[in-house]
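Structure record follows, encoded as structure tokens.
Letters A, B and C mark the chains as written, and numbering starts fresh at 1 in each.
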């Protein structure tokens, strides 16, 4: 457990060392907000769903940046050449990686909070008091589940050697297929099926329920399912890492360059 | 007319350090440098790292504006008439960078030919001619990213000759080249000089400067410390002999003892793998060997050689160190 | 003059080759407009006055802008990291002309977004994609590209002055899409942003293209928009050429042309 917190703290400090406050504000807070504004306004123009549909969807969708964050963290480790040292260390892997993810969960929560604040203050989104707990829970589940995707992406990025491009693809696929802006029912069947297999879809659905005032237990099943899907991705990522590590020990190449 | 003229050039750089609290620091690169090189001369510019050689070259190639002082190239002011100067000079800073690695060698040359306004009909033949000159004709259509360091250096040289410059600045042109490649490059340079091109050369290879340059200027700490023909510079050290001692495991104390001897002019220690080469400049030559060995104390000594001073020794005497 | 055109053409060719193999820029030109275009199609198609051409044009513009933004702003830093910036500045060719050629090459590459957006509308969704005023549309595209080119010329002085400009420019995608009315009318934005939109060349480019595609404006109306585009381009050219000189002098004074 201690390893978990130590790693999270190190991640935070290591990142903060070459990130000054201003870029942090700009990249981590402003960027998701401008994306939200853009799609919310298109949604408003299109009028096929309520404004609240788009606002909640995009606000939760801001969690996709966590995906970015985690796979970037993995890529940075590789880039800085430290990954081989971490993998060579005797400490168990799981706490280490979850320690890193913890930072991004907090980061994701902050982003989403900012997004909801924007939605409420600027767009006039009404959030019922009884739904707030459920919303916060949805936010948490969304970020945690997406970290699983981030881990898988980080592992896959080893093969394709471009974590940023991969994360960009992931962000847009999530944008399109998780119901952020288009109800799954409107998508062609194969696309909707992919959407069902992605994390975030159910968190968004749950969040929309809570935003409409549903009681907490209304969305729990959805959230639990989302968490499970996210965990499945994380496990897949873990195995891919293991496979890559074995392969690289045979081939003598870990850093992938 | 002088090819280049520098009058009391000062150049200071302002750097900032620190991420949270920024400190401003002024670094003086050139501290009153004055120099004149007549047209048609092959001039060598020597000096330790950080002495100001690159800064001087950058001012002359119009990439840098002096903080104070004036400079001209072929009578044109380096600050105000930069555009005209650029048509008549060429330069090679060399190294791995400075080329479009996704393009072929020939395409790189063609692009720069356009930038240098080489007449369209002339570009093809000129590129071919230069590729032949530097020995890259058979690799011309390969992407530069596959070139070795030596090949890139040769391509740089070809690039700089596209527009037939009157003045050529070469910054360590043979560095990184194998001995044969270096010799070929030197031949190209001397041939160009024979055709009337003014050449300003910086190098760390003193034998190269000795062999090629008509005159040499030594820069240290931002100003000239010596100027003259290689013979004139060597004359400064004709009184000196040099004792070279190959030592295994000499320590700082022993070196200080050597320096303390009154017949010793300077001591330079060069690390060569497991040995150190201790070069002692002294007026005594052979007679110095015994007292030197005594002063070294218990260090194990291999080869001992006594020789006359070379240009390199003159250089060491001027700047006090070997780089 | 002729030699300036030759330099510009050579620079454009070089830039086109460089960006065409950049995975990052291919993403900006093809993948991103694809997702944005598809999403917007779904989101807008329930409108009673839905016009698929509107989405096609808007998605194409988003691709054009993104490529211009990233390739244009990184052209300088890319040269700096290659080590060629010094060489280009020290050549007799005007750096303004070289960079102008690079921006032109960038825009030529970005036109692939137009093809992609058309493909989304016509093939993926199966809509008939025709413009109401083909001649007007073609001219609008020309003037739009000129105005965008002039906008791109401003990125260079910024890139030389501040080396970390790329980080902040990355934010300028969605705000410009929004303020320029690529995919929704700017009337949806707060009133105080309207003057900002009016000051943006991409806005007028979008107006001209949307209006000629839908037939909303007649020739006279289009001509007025074209005039704005040309005038804006002219003003930006003057500003950027002055800035270029000032910035290059500053770089020569500070010695920052070679730093990565």
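Going forward, contacts are C-beta pairs under 8 Å (C-beta built on N, C-alpha and C of every residue); 3 or more make two chains touch, one makes a residue touch a chain.
Since the model is a prediction, treat every value here as computed from it, not as a measurement.
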**Study point:** Chain occupying the middle, per Cα centroid
**Key:** C
Review point. Among the chains, which is located farthest from chain B on the basis of C-alpha centroids?
Key: A
Exercise for review: Go ahead and note the Å separation of the Cα centroids belonging to chain B and chain C.
Suggested key: 45
Exercise for review: List the centre-to-centre spacing of chain A and chain C in whole Å, with centres computed as mean CA coordinates.
Suggested key: 31
Exercise for review: Averaging only over C-alpha atoms, locate the centres of chain A and chain B and give their separation in whole Å.
Suggested key: 54
Check your understanding: Of all residues in chain C, which are in touch with two or more distinct other chains?
Key -> none
Check your understanding: Where on chain A is chain C touching in the complex?
Key -> 23, 26-27, 30-31, 34-35, 37-39, 41-48, 162, 164-165, 168-169, 172-173, 175-176, 181-182, 186-187
Practice item. Going by the contact rule at the top, pick out the chain C residues touching chain A in the complex. Key: 23-24, 27, 31-32, 35, 38-40, 42-47, 167-168, 170-171, 174-175, 177-178, 183-185, 188-189
Study note, to complete from the structure: Counting only contacts in the complex, chain B reaches chain C at residues 13-14, 58, 61-65, 83, 86-87, 91, 93, 95-103, 110-112, 114-117, 120, 159
Review point. What does chain C use to touch chain B in their complex?
Key: 3, 6-7, 10, 14, 17-18, 21, 82-84, 86-93, 98, 249, 252-255, 257-258
